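Read from first to last, the chains carry the letters A, B, C and D; within each, the first residue is number 1.
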Amino acid sequence: MMPVVAVETETLLSRFLHIRNQTEVLCRPLLPEDTVVQPMVDVSPPKWHLAHTSWFFETFILQKYFPDYHVFHKDYNYLFNSYYNSIGSRVLRQARGTLSRPPLQDIYEYRAYVNEHVSVLFSKINEHHLTEMWPVFELGLQHEQQHQELLVTDIKYILSTNPLAPALLPPLSKSELFSVNLPEPEYLSVAAGLYTIGHTGPDFCFDNELGAHRVWLDSFLFRNSLVTNQEYLQFMEAGGYQNFKFWLHEGFDLAQQEHWAAPLYWVKQPDGWYRFTLHGLQPVNLQAPVTHISFYEADAYANWAGQRLLTEFEWEVGAQQYSPDLASGTFLEDGLYDPQPSPGQTQLLGDVWEWTYSAYLPFPRFNKAEGALGEYNGKFMINQMVLRGGSCATPRSHIRSTYRNFFHPDKRWQFTGIRLAHK
Amino acid sequence: MMPVVAVETETLLSRFLHIRNQTEVLCRPLLPEDTVVQPMVDVSPPKWHLAHTSWFFETFILQKYFPDYHVFHKDYNYLFNSYYNSIGSRVLRQARGTLSRPPLQDIYEYRAYVNEHVSVLFSKINEHHLTEMWPVFELGLQHEQQHQELLVTDIKYILSTNPLAPALLPPLSKSELFSVNLPEPEYLSVAAGLYTIGHTGPDFCFDNELGAHRVWLDSFLFRNSLVTNQEYLQFMEAGGYQNFKFWLHEGFDLAQQEHWAAPLYWVKQPDGWYRFTLHGLQPVNLQAPVTHISFYEADAYANWAGQRLLTEFEWEVGAQQYSPDLASGTFLEDGLYDPQPSPGQTQLLGDVWEWTYSAYLPFPRFNKAEGALGEYNGKFMINQMVLRGGSCATPRSHIRSTYRNFFHPDKRWQFTGIRLAHK
Amino acid sequence: MMPVVAVETETLLSRFLHIRNQTEVLCRPLLPEDTVVQPMVDVSPPKWHLAHTSWFFETFILQKYFPDYHVFHKDYNYLFNSYYNSIGSRVLRQARGTLSRPPLQDIYEYRAYVNEHVSVLFSKINEHHLTEMWPVFELGLQHEQQHQELLVTDIKYILSTNPLAPALLPPLSKSELFSVNLPEPEYLSVAAGLYTIGHTGPDFCFDNELGAHRVWLDSFLFRNSLVTNQEYLQFMEAGGYQNFKFWLHEGFDLAQQEHWAAPLYWVKQPDGWYRFTLHGLQPVNLQAPVTHISFYEADAYANWAGQRLLTEFEWEVGAQQYSPDLASGTFLEDGLYDPQPSPGQTQLLGDVWEWTYSAYLPFPRFNKAEGALGEYNGKFMINQMVLRGGSCATPRSHIRSTYRNFFHPDKRWQFTGIRLAHK
Amino acid sequence: MMPVVAVETETLLSRFLHIRNQTEVLCRPLLPEDTVVQPMVDVSPPKWHLAHTSWFFETFILQKYFPDYHVFHKDYNYLFNSYYNSIGSRVLRQARGTLSRPPLQDIYEYRAYVNEHVSVLFSKINEHHLTEMWPVFELGLQHEQQHQELLVTDIKYILSTNPLAPALLPPLSKSELFSVNLPEPEYLSVAAGLYTIGHTGPDFCFDNELGAHRVWLDSFLFRNSLVTNQEYLQFMEAGGYQNFKFWLHEGFDLAQQEHWAAPLYWVKQPDGWYRFTLHGLQPVNLQAPVTHISFYEADAYANWAGQRLLTEFEWEVGAQQYSPDLASGTFLEDGLYDPQPSPGQTQLLGDVWEWTYSAYLPFPRFNKAEGALGEYNGKFMINQMVLRGGSCATPRSHIRSTYRNFFHPDKRWQFTGIRLAHK
């Protein structure tokens, strides 16, 4: 997965400790009560995330490379295995929110125990083992960053279902909410040709990005900016949610059944639309990118607008040609947890995950890793759609233009949004 | 509901403070995490019980009798109303376990706030108001005692579903588990006649016990002891769970579908049967009364044994004739939370609620109270069966022979057991 | 179940052939397509009723008493056993409507085959066997009459769910619909006393009517007429369906969830209320008894009216004292399949089954028969309410004042109605 | 959709009458009872298919082009519209099997009525209207052929769920079952290159095949024969259904939950595996292609075999290069309704639909037609997988190498099978 280069173990360890700490910083404002509930099956309790990411290092690193390692607790494998059949049976996903024990305090101790053992391991590991362990260790770091994003979106969902609408963080200042004048969107052009898709080069990527291969693309035009709340509101006001002809059949049925009439978290109040955020209920910022919409809504919006979504291949080529600047988007580290207006920026990376009209399928020559880690990505390659570009809850160091995220087309609790292409 | 007698307000207040404190003592061993989860819809999170019992005094006493009372929090009525349509809308029962906020600490402050205001109220209330308030206040005390029992059974259920099988309390000592030799069960006889059923006299009772009326009973014989675990095990070993002919149709279907093969909480281990208790996993005490069985199982057992369950009318008359001694049964105050063997005692009161073969229906001339408290009991008089006698989780001062408890025939998480009558 | 009297076998056989024929007469207007569908789980396809009633005689009579009897088809036991575990496994109830085969024609041949063999059996049976067989044979006749009523109500339901609203029978003539002036309802009085409840005497009854026993009744007053559509309409117009305070909790929840706002089959049209009948869509006859209401609605109506329902014991005593005339009610044989206004008649028998506020429980000393027929009634004695008096779909010769019918409190597709008692 | 060429109306009408007749020939062995049931939601009652295909011509041809056309029945639009929101509301899909009326006889009259009016229309239509109507009329013919395939698979499913396992057709003769020796499978090779995918040329195709576009393919090898029952049995015997590592996550969960252990319709008997067919229960022919498997099973089999499924693009190019001979496969007209062994034939067309590992997505520049027919294909482009090649239930004149069929990955009741590619 990663060519072995000369390793500076100190750097690696320090990255480990930094990422591990970042996870805990995210959870610091939570009360113990916040960390156990699961108001819907897609959401996991924060306590579970804190433990599961530690279980990953314990299972795939410490148990393998730390001599005579003793697990922190014999039952944690059963409790905190997510979906690895290879590693044994586990708590049903939908029951994660019924487990009051182990208490949060124990989980923090578990984290410290794992961190300490990893530190000790690094102090004495030989180069051979380090080389062998490296890719899995790197995967553990990336995995923990993925769970940082899920922590943000799961915590948001948990608090949003509470009638008290609690704000986890202080309200944003006026200037943070200040809305800008956006220039008219323009269309960027990509020429027809045979392009290489997929990850190449020595840096880390997930197995689902490998298998670089050629794809023919016809020329296309795509927008240099994301669809905004203002634009989306026009769709809503034009009756977009009620008109079947813009929708996929399964999407329209679901929207009717669930009474969808706006993005998730939007609340109509006498003085206009508000939305629930980690900073409490905030007025909808019309210039900000629309988010918390399903693929069905993204597709219906595009149809209403007479446009279409990009394929993941077009997206990747477009993103590479228009050199996205990581600095331009909003990421986890910015602590806003909300996509922002960015006049003059493409926002290809950061802010919102962009739904593509590509199903999540294996690239040619896709191969699952041997053993349990072969279950990481491959077994989910059905019934999901690809999203590209990262979001305001993604760590800045975690994203790249070949990154393939994937969710079922009905999911709305992630920071998901819309980029249009000319039809 | 209660004739007004000369009131000693000091005694009343001290009873209030005692009962309120008892509730908190019960919850003291819980961690904040334990107080928010809801592993099945019948169970409420302990935090909810703590708040709801306070909401009862706030809504029905303080808001009415405390001049210029300010509610502790404007949203608590929505959060902690159980089922009183008269008092407004509320959180869906099945969503109680998704609410992390308000945190446990706030609920303890809520309790203190209510207690203080009640104390102040007592210090200045005039006799007229006191007389008027008295029956509702008494109902609040009884209501809180009912929730003490539910706290015990709900906490037990919550911990039981945890793969760690956590023990809330220290293990019982050998002597507490010591099993005794029970004498052969005998049958007590009641003569045919016209009996008065229902509560009479000045003491407190619930509205569903009122309407004392005559009932003709043929003579009958009933057992002087409860069915034990040993007896129930014989039913299990004789294939009782597999043989439809002992069962009601809906009960057998359910038992098959849910794979019932033993009482709730029983676990087969290589060295015999164990059961989950608040003291951890304990060997089944063969001489103790069987508990945590549904009406369906109680009825099937009785059929298998060639006997029958008592009606609630027979039970009440039998209990009154064989003067149950409150001291003889196990109650909440004993802190065991488990029915005990009691050689030579009828155990009519305490230990386990006894399923009767009487549906929960209104007594003649049953009248619902005016207003919200009319919703207390009457609207549940359908599809449930009557249980009599209290259990090891019932406060000793809360039970009496006319007390009518009721649950749906499939419920198993209460301390429910079996008393037989001759067929 | 029935004392053996001198038997006139010819009469018995002719009764058999008459009842068997009556079932087929009922089904004659049906098309083959009508006889296979099952639009809800409570309803069985008519083809199934035609077969199941034959299976009953084949299984309990012919296989036992006809020497060397060959079953008509080896798989029919699996297909047409309703719920007798003793007789083996069977098609799931909810799958009855998926079975296109055997075709209707085969079922008529099955019926003829069973009829012929019964005729032959009667021509040669000896007195000993006849005496032994008699009670079961009588049960078979009564059983077939019960299915005649179910055929009427199931056919009605099947046609009612069809968007074409097909009328099985010609529309009623004007005179049949002519509405009369009803006198003001009066209240009949019954004195307090110890009454005998349950069937006595030599005639046939079901096992659930046996065990005659004494019941003390306080004096009570009950209406000499059924609640009419006009009266029920007042309840509807007074917002009765929207006001929780008249309702049992489970009933109100269900009514809200299912959007109940009128009896089953009622349809609001620009010129008033209509209802679906076997004669097509007909205007609601305001003077006729209300029907197709659940127990929940009957109870809510009674509460709204400041009255109550009778218990089954009060009903039985009242019916016996006010000597109902079988001629006065509408029965199956009248071919109207609709309750009628009957000025000056009590309508205690016929027209509509009257919901009582008694749960369906065993009478004292209730004993199930040995063998499969022990499953006839006893295993359903939970979660259902007793109805008394028969309906316009009950054969006139099938009803009596001790007859106990039973349905779950949410059921509406039977001809069920309301009789009030003074509160 | 189809360039207008000089039209021979007589030929067109005769094709219409032939196809319409073919549908009725298929249904001729059915009893009325067979035509109304719906044992699962994917299946429609045959009566519904017979009516819906007529509704298509009535709605899109006669109502538009036949002057003063009177619909056969005013309610049939509501009853027999499948999913066209543009055409109005309709019976819920899952309720199709509850409709006994209109009877089968009426539907045959409906068909005759439509046929006659179409014949009259053809006798007087002017060239302008004919040109305009032509593409929709052709779509109606193709649509009816699609329902012929569904009739075969739905009838098969309906009969299969019947405990009598009725055979619609006479058993196959020995020679039809005779099993052959298959040569070793070989792999056919396709060179890398830029290929054109999608339909070109003047002949009919569906809108989802249009938008011919270039696709780059790496070179690949694919099998010249379908996976046989024998091969699939090896997978079963090797524990393939129990080993998660071959499966997609959602597929394995479903297989476990539904207890899948063999293809749909397979039944283990003491002397080996049998399968339900329209000719009754037949021994599994080991040399015949495996069929009635879901995409999940096809993919798991491929993984177990160390191979993979083709993409739809590879399939199309492969099929075009290896010139499939329509004569070589089994089609609807052969009346076998079962895939057959075909030594030396590729079976790319006919026998079984071949699951590809391509999601059903729009081709570039896909455009929905204006109006109701825009709902024909486009709104289903989510959550389904593409199948190619037709089956033994497909009319021979209906298939071509660009034809894109699509089903959800869990569906098994179609004639679906497996073709492997080298990994």
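Some notes on this structure:
The rule is short, and it goes like this: a contact is a pair of C-beta atoms (placed from the backbone, for glycine too) under 8 Å apart; a residue touches a chain by one contact, two chains touch by 3 or more.
Computed from a prediction, not measured in an experiment: that's the story for all the values here.
Taking each chain's centre as the average of its CA atoms, subunit A and subunit B sit 47 Å apart.
Distance between chain centres (mean CA atoms), subunit B to subunit C: 38 Å. Work out the mean CA point of subunit A and of subunit C, and you get 60 Å between them. Counting partner chains per residue, subunit A shows two or more touched chains at no residue at all.
Viewed as a contact network, the protein chains form a single closed ring in which every chain touches exactly two others. Chain pairs that touch, as defined above: A-B, A-D, B-C, C-D. Those residues of subunit A that touch subunit B in the complex are listed here as 31-39, 47, 75, 78-79, 91, 95, 97-104, 158-159, 161-164, 166.
Within the complex formed with subunit C, the residues of subunit B that make contact are 83, 85-86, 194, 213-216, 218, 244-245, 247-252, 295-296, 357-359, 361-362, 364-365, 374-375, 379-383, 409, 423.
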